[in-house]
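Data first, discussion second: the structure below is written as structure tokens.
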Amino acid sequence: MLTVMEEKIASTEVPIIPKQEIPASNVVEQKIKIQTKGVNLHYGEFHALKGITMTMQEKTVTALIGPSGCGKSTYLRLFNRMNDLIPNVNIEGYVLVDGKDIYERGVHVDELRKNVGMVFQKPNPFPKTIFENVAYGLRVNGITDKNFIAERVERSLEQAALWDEVKDKMKKSAFELSGGQQQRLCIARALAVEPSILLMDEPASALDPISSAKIEELIYELKSKYTIIIVTHNMQQAGRVSDHTAFFYMGELIETNTTKEIFTNPQNIRTQNYITGRFG
Amino acid sequence: MNIDHDKIFRSKRNKQNFAFWTFRILSFGIAGILFWILGFIVMHGIKVISWDFITKMPEDGMTKGGIMPAIVGTLTLVAGSIIFAFPLGIMAGIYMNEYAREGFLKRFIQVMTNNLAGIPSIVFGLFGMSLFVNKLHFGDSILAGSLTLGILVLPIVIRTTEEALKAVDDSFRIGSLALGASKWQTTSRVILPSAFPNIITGLILSIGRVSGETAPILFTCAAYFLPKLPHSIMDQVMALPYHLYVIATSGTNITESRPIAYGTALVLIAIVLIMNILANILRRYFGKKVKTN
Amino acid sequence: MQKLFLQKSICNRVKFFRKLLERLIEGLLMLSGGLTSLIVVLIVVFLFREGLGIFGSPSMETSSVLVVNKSNPIKSLTAAQIKNIFDQNITHWNEIGGKKDTIILFRIDDLTNYVSEEEVGANLENVPACLNKVVDSIPNILAFLPANKIPKNFKGVIVPSEKISPGTFLGGKEWFPTAEPAAQMGVLPLILGTLLVSFVAILIALPLGLSTAIYMGEIAPDGIRRIMKPVIELLAGIPSVVYGFFGLVVIVPLIKNAFGLDVGETALSGSIILAIMALPTIITISEDAMRNTPRAMKEASLALGATKWQTIYKVVIPYSASGITAAAILGIGRAVGETMAVLMVTGNASVMPHSILQPVRTIPATIAAELGEAPQGGLHYQALFALGCILFLITLIINLSVESISKRKKGERH
């Protein structure tokens, strides 16, 4: 697997960006799931991401932190190509998922997005029943078998630790749930299509502390099956749930390392300032 | 469970392509209809348009000559109706957006204004006839016609004004009031000037609407054939839309007056086009001005 | 000291006048705000005062009367019977429940067939007396006479003509408002004609309009949207007579040739023109509604692997359903009230519509075509105002239902 990937990377001509050696020490036990190489992103004139190069390992949680407007959400949205929806976006560089460049011609975004689930900042269930919310992803991906759908919906809700709370009101509108429940519903909805990557854009920022704690717990459990990237404002949260942390500032990736290292021994002064709360 | 994902993805992409191409073609088709109508009228009408056509009286049972009295009549009616409707409509719009408090009265007026906007133009014709022509004894006259048309555009003017005022940022209001300016001072010196561009563009578009209306003037002022210009507001007038209707359907010689009909239609469309273009130019001009500020 | 006092008083006075001015302006603005309400009320009053006058009035003008011999058992006739008798569709009294004799029709002009000119007199001074004699002498007579020629000691029996009721007005299938001696005031064909033309128009316009709204709102790149917007605005701006004229010279011959008809002025021609005219309304309102779909909702769908199209029909369209309904209803409203274009292309035959390839006549077209000839205050005039009332009520219902839909929508958001 690794050799194949290396070959692929080697074969793509990257004249501007210096070829990166994959840090062998990090890949001994875990596979690289996502890799970006020299990604630059412009919104019109605005340079939102400046040459980001970074890797994320399979079945780990990576936290992206940094002050507002630093580009962390934009970076997260690279991996399911959500940035495509914004007009005047210009992306350079390579974004590799499972070794494949997802911005290459011929890549279909719908296939990619099925594999890369996303949970948004504010819970955004559809104005449909609880059941239909979770089943939506299956239906749009062409699954019609009723039993299969019912089974998968139940399993996804169980994974999202919501099943016990909603099993008696599957036909009720999703809007009847509390904010925290809605967010877990959205996680279940994302899980139902069996992605291998889960992107979370400040998933707990709109929730109360108890709901927020539940989401964190959930992330910890989901780690065993999914590669999770989470954007967060909340330092403690990043410290609690993530294995790796990346600090963004003004569109640049300042520092990335294991969470423990970042929080105990940051190399960059700006990282240190941010983590200790001197600005943010 | 075996799921052929490739097949599913292919099929849903095909569906999307099919749907999107259908929408694209239908949308272009609709744009095509506009250009068809415009092209058709322009192609046939341009042959008739000349200085004489615009400045001469109709001759030979409206099969020859020009359409000057109809043009003058329409311009008079437009002028009359906007003199009536613009001030009142703008005042009403100001009241609704700046003065009226949320509650039953405001809601009631809103519903009534919306209803007025939805009333068919022929009903305005009936109303104008029974109130202005018969009850108030204006007779078939410019006055009666202008008032009827004025009532017809009133809700449009109100809505335009309201929307323009709504677009003005609340900080302007609060800022001015905080300086001790009274409500009317705030409205007249701060709010209205910044809403002015939007109001003007809306009003220009409504002029196009007034000049094309036929049904309201059928029984309130329009003359079948009147080869002279009006002298007072109590005179009847010819009007472009009614003239087009007459020579297209019930003139003395429909086939012979067909070219005149094309010409009249072209003049009518030209008025609407000019108003639209003017509104768009102003919109762009003011839009830039606001941005550079 | 005095100076200070003077200044203060001037200051107060200025303040007072300023306040007064403010009040005055507010009052003035409030008055103009209430103007639309006043106008709606006035429209209702004037329309219904003239229109409701038709109910209860006889279907014959009061200047003439129908008269039978006093031995005739028939004492009343309906408007339809009168028309059929004078059209020679009914020729015997027993067909309408009388004796077994032929009906002898008599008009005032026929008088000299029965009496000599000397009897009438040189200055027609003996006409009433002669009429009296003729009516009395012919038992099977049905005479149609001017009311002022009926003598005081009249020996015949005046048949009271049927009064027009809301039932006969709304349910009547014949519209011959100027028929002699009794007008036929059935507006059912006109109502059905209006509804037929409008509904077919919406059937054509709705799919087209929605497609364009979807294309403009969700699919088209910015450049194309910038071109399409003024195109739609212009389409809305073209006067209805121009549409009518275009329909007359282009659509009507097209329909005629396409279906091999004798006349191209049909309901379908009207529907096509109305569909084009209703498009801008439908497009703008439904595009607005779709644009209001929260971005988060669309992104959630796309993030699950749905295609853009799946997102549109599974999320955007359901979300904007009420706005789309409002667009359709307003489109119908626009079509129902449209006058000139319909008047010019539908052929205006006041018959019960059976197919869309037949000429039909709509309510607005009827008013526009006939009001000019209807004498003010007469039966026909009132009937046309009553039609105006019907039109007003239809549009009122349409507006209020749109109002309630948009209100409900606002309620849902919170």
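Letters are used for the chains, namely A, B and C, taken in the order the chains are written, and counting of residues starts over at 1 for each.
FYI, contacts are C-beta pairs under 8 Å (C-beta built on N, C-alpha and C of every residue); 3 or more make two chains touch, one makes a residue touch a chain.
As the structure is a prediction and not an experimental result, all values here were calculated from the model.
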Reference subunit B; chain at largest CA-centroid distance: A
Comparison of B-C and A-C by number of C-beta pairs in contact, larger one: B-C
For subunit A paired with subunit B, centre-to-centre distance based on mean C-alpha positions, whole Å: 52
Approximate Å spacing (C-alpha centroids) for the pair subunit B, subunit C: 22
Inter-centroid spacing, subunit C versus subunit A (mean Cα positions, whole Å): 61
Residue numbers of subunit A (touch at least two other chains): 110-111, 114, 140-141
Interface hub residues of subunit B, defined as touching at least two other chains: 12-13
Per-residue multi-chain contacts in subunit C, two or more chains: 307, 310
Complex contact set, residues of subunit A against subunit C: 80, 82, 85, 87, 109-111, 113-114, 117-118, 120, 122, 124-127, 136-137, 139-141, 186, 189-190, 193
Subunit A partner contacts - residues on subunit C that touch it in the complex: 222, 294, 296-297, 299-307, 310, 314-315, 318-319
Partner subunit C, residues of subunit B touching it in the complex: 12-13, 15-16, 19-20, 22-24, 26-27, 29-31, 33-34, 37-38, 40-41, 88-89, 91-92, 94-96, 99-100, 108-109, 111-116, 118-127, 129-131, 134-135, 151, 154-155, 158, 182-184, 205, 208-209, 211-215, 218-219, 241-242, 244-245, 248-249, 258, 261, 265, 268-269, 272-273, 275-276, 280
Residue ranges of subunit C touching subunit B (in the complex, touch as defined): 18, 21-22, 25-26, 28-30, 32-37, 39-40, 42-43, 46-47, 49-50, 207-208, 211-212, 214-216, 219-220, 227-228, 230-235, 237-246, 248-250, 276, 279, 283, 307-310, 312, 330, 333, 336-340, 343-344, 364, 367-368, 371-372, 376, 384-385, 388, 391-392, 395-396, 398-400, 403
Subunit A contact footprint on subunit B (complex, rising order): 1, 3, 5, 8-9, 11-13
